[in-house]
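Consider the two complexes below, in which subunit A is the common component and subunit B and subunit C are the respective partners.
Up next is the complex of A and B:
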């Protein structure tokens, strides 16, 4: 959208649309299917999360992405409510890879440093221990007392390498920056 | 008027009899905007045999045409080249200009510098001009070798065959019969009437379907010029435009014409099956009449069902019940041989079966029905006497939900829009409101397409009546086991809110799909089908009812999903087109058929083996090879197959194609792609890329052949021998070939060439094969973009190598 003139202050500011945003999405694997969405709503209506949420609407997120209203997508916590069950992808009449587009969008959000704390927490757990959940010492000891073998140790240098390749290290770094 | 440039050249040697005039068209700024037309005209003047070369703003305008006409006389031109738009657009125009000036129309050649040049290279004037010059060079080289040809005329039998007795077939048959031609109307079912007979009311006027159809059916039944062949199927069609020979099998009805349709035989019959006409919602007996208004009004015995099917009379109840003694189990199938000049294909369509969309629960939940079933329920002549009752408890539902786009606009059904379902649903909702105004009606839709005359009014009426339209299809339908009511769950996309709506009945608005056995008709008549599976027309806009095969016309849903009005319109158009041929009584065949060069022919029979039309008579003993000109389609795959150069494909001769390759590779061959494109699909696809302004690199030079089957391996080899970086062979998709299956040969030949290139240790990626249809401009453009990597990677050494290798052959 060309911003030629400043609208008078009294009026409601129109949403800023970034026409190049969709191309950012479409560069990523399966992101290219974003453009063919015709907004039928099969994704939202099939979505198990949407049935329990007032705000999570995959169709709406896709529309916002098509229009390039990035400020409404990337900072939004609802983006992270997808459980990756892929029912939307399965039922989409236009073969839009809905769940994958959402994944692409989450990745973009991460790039912009818009990751909810909990996901950073989980990622750094993996980074540090190889487990998404840090097992407390007490729990480890309890295993011993009931005769369970100790949990296997993850090979951290491999985890490190994997995170590096997947771009996860940046996520951790962003946490460290905080 | 624009300035006219005149540059006579000294290149044309007076002893040489060939005198070419070149006209470079600006097409306003369409060409001149990105090509320096003046420079191209100046360049053309330097080419051999060119006597006069001019650029002109609109060559196709009357003054432009006059310019060519007067030049032909003034400069004694015997070849004309116009560099302008696609020959698919204006070749006929300029051919007529040549003929007006006394020049044989086969001595005209076109260089396509608009669709294939200026429009696809909008931002690179220099390279576009260079390419335009090359294209003119190629056209002039070919023009110099053109020969005058005479066209043969073929007589046309003044009889027509109409396949399919739905409303389209009936209309076409009536129009043809009224014009005065004898018509055979063949219908597979026991009665004509088709889908329209099953419908209750029609949109947008809400008039009764059978009430307006029945008189037409009766007209067709008693028209002196119409021979009605019901319960019959076309088994074989041979021949060609004007001279088809069709074999039709007339299956026995086991009831003679003595039948008065009194119906006494029905109650005594002891076997029943679901009634097809009522889509299985009622039953019929082994002897039956499909519906009361059936034409012919004669009963029929379903021998598959009848107890007497093993040809032993074990039950004679109906025979005894028939006073007129019209039942005859001795009737045998008859094969009729019909000679006709034209054929109208009106084979109709099937409906989508929604059982595959499990989330809607069709066939699982009794109260989920299809729109066609609804038509029978709401019809006063239907199984429920016009009451919509829900199957689970026979009660009239208080809440009804329509679900749109079932099987349409979806990867899980058909990709296209079925055209009629929106209006059909609106009509159906009004019918319910008419009978039971209190009924709550929901319509779940994606888009409502109310595009026709009176459609929007009807849509508005439905809204006024209180029909609730909700944008967003339900994701699933869940049944309440106790009440058998249905829960529809989905998103109201305009509110971004989920809905969960209880309905007592759900009607799936199912789409239209091609007949399951369209492939049979396709094979019988050598037709083509589009990707959707419907029969393809010769031109989507300008010849919408002509099939690509001469003398065959399309009407109704066989061509694409359409409503009654459009079917009738198209049927009348098809009848008119067929009448034009029959009124003329003869047709000229384009002179692009092969000629045998007898001294080269070894009577090996390879040509006859690859001919898709069986147009080559091959007799090893009598040492005879002969072409049946009228049956020949002109694809040229015989000439490409002949290893002895014994077939000359008129107007697409080896020499002409070699000359084009020569001209195309004269400059910077090592940077160029030589592309062979078939006239119908790939060349048209390239035209489409032009019309859509899809930009692609300038280094491709397209050579047009009628079919990709014309592309002989020697052409490809020659292009490499001349140093071309890459070669693209492209044709219609397998199965869509305009010459039945000639492109199978293309595939075989290219595969052979790849093997050969491997053997010679040449990079076989330099030869690419791509199927591109007329609407796949982007596919062509991206193929050429993709091939840049190949062009860029080919080393000078490799080019030299292939030059040597390929020259050796």
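Up next is the complex of A and C:
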């Protein structure tokens, strides 16, 4: 019988772990609950996205965050497949605020310049129109014909100022330039 | 008369006159006054929270400040707005340190968050301020032949610790409201799972998988139509049917209504006044069934 030989795999490198990463997460609002996750998997089994996606597993992301394997989390588009349904947070037996920990991770990804385009678009819309989704002008004109009162104007100047001060503008604009 | 500051958000004025019209007309009939405040802005929904939490809290709180200045509680029609504003309201009321930080930002825009007002969804106002009994007495055209599948979506129910809308695992507000109109509420599988709305534009295939499941299960349960309470769920399930037809070659023909539309019809408001042409899936067969 012919012996089947396989070529040795090349470039097998261990994943880099950053022991300080979990502290970065834990200092943000609700991020501190990351440390009490004991990996039961209630989050993944309750997750509406995980039922249809091959890649999105909240439990895995939390474990990667605890271990500090940031290169597997922050650049990955998978991180953005959360629908923010909060079922994971509601059902976690350890009271880990799973959805909020995932939000913290996305906030960190944004700071590293890893924001998917559609999210930048939504946030930039607030600058331009005061709202995340644009309200077409035609719609505003049509309101009267169906018997709706005119739409009150959004407060643009002040909201711009708010975004500047809260730091959001920096995050949106620096990404737009890329 | 009970008055609320109406927080409309963006999706309803952008594409759902049917939701706004039916809510305004029904609430006016039931003696709830809606006040349109100037200078409202974005509710800072989950996609904005994903960019930066403090920015989203400041933007959401700005709207609550406007309601505080007008001495009115807020009413939302959109579940997304309800969630964002309620999370900001509850978080800032509970966390003095964070409140002080956000107030430093708000002060530059001439505002201060006090935490003196409530944020309510339309359905809560119907239950708390009108009441099921009174509502039942006002029904002039009971929807007796109609089997309705209640669809809550996510953002009124969870995070339940902050939203306190209903039991997140066994809610009953919407079913009770449906039955109050004389219709029958039908049960179906995976009723409380997400509509996929927030994945639209980012992962369309997954979004349609999630929406398809609801349409298949409500069809199997023999529902005549679905009742929603959120403009995102409405888009996912209504416009979603056209996309499912073209992408997956599957036809459901399941009309989707906002609860406020069913309510308006039961209160005797003429369907012609409700901008039903905003629906992608035709509503004719339901209208003829109840008139």
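Operating definition for what follows: the second predicted complex is superposed on the first by the 156 of 178 C-alpha atoms of A that agree within 3 Å, B and C clash if a C-alpha of one lies under 4 Å from a C-alpha of the other, contacts with A are read in each partner's own complex, and residues count from 1 in each chain.
In this section, contacts are C-beta pairs under 8 Å (C-beta built on N, C-alpha and C of every residue); 3 or more make two chains touch, one makes a residue touch a chain.
Note that the structure is a prediction, hence the values are computed from the model and not measured.
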Put subunit B and subunit C onto subunit A via the superposition and say whether they clash or fit. fit
Applying the touch criterion given at the start, work out whether A:27 contacts subunit B, subunit C, both or neither, answering first, second, both or neither. neither
Pick one for A:165: touches subunit B only (first), subunit C only (second), both, or neither. second
First (subunit B), second (subunit C), both or neither: which does A:132 touch? second
Just subunit B (first), just subunit C (second), both, or neither: which does A:94 touch? first
Kindly classify A:118 by the partners it touches after superposition: subunit B alone (first), subunit C alone (second), both, or neither? second
Once chain A of both complexes is superposed, is A:57 in touch with subunit B (first), subunit C (second), both, or neither? first
State whether subunit B or subunit C is in contact with more residues of subunit A in the superposed arrangement. C
Does subunit B (first) or subunit C (second) touch A:141, or do both, or does neither? neither
Go through the superposed model and pick first if A:38 touches only subunit B, second if only subunit C, both, or neither. first
Look at the superposition and give the distance in whole angstrom between the closest pair of CA atoms, one from subunit B and one from subunit C. 8
Per the definitions at the top, what is the overlap between the subunit A residues touching subunit B and those touching subunit C? 51
Of all residues in subunit C, which touch subunit A in the complex? 8-11, 13-15, 17, 20-21, 24, 36-42, 44-59, 62, 91, 95, 98, 105-106, 108-110, 154-155, 158-161, 168, 193-194, 196-199, 201-203, 206, 209-210, 273, 275
Of all residues in subunit A, those that touch subunit C in their complex: 28-29, 48-49, 51-53, 80-81, 83-87, 89-90, 97, 99, 103-104, 106-107, 110, 115-116, 118-120, 122-123, 126, 130-136, 139-140, 142-143, 146-149, 151-156, 158-159, 161-163, 165-168, 171-172
Sort out for me which residues of subunit A touch subunit B in the complex. 38-42, 44-46, 50-51, 57, 59-60, 91-95
The residues of subunit B that touch subunit A in their complex are 359, 405, 409-413, 446, 471-476, 489-493, 496, 498
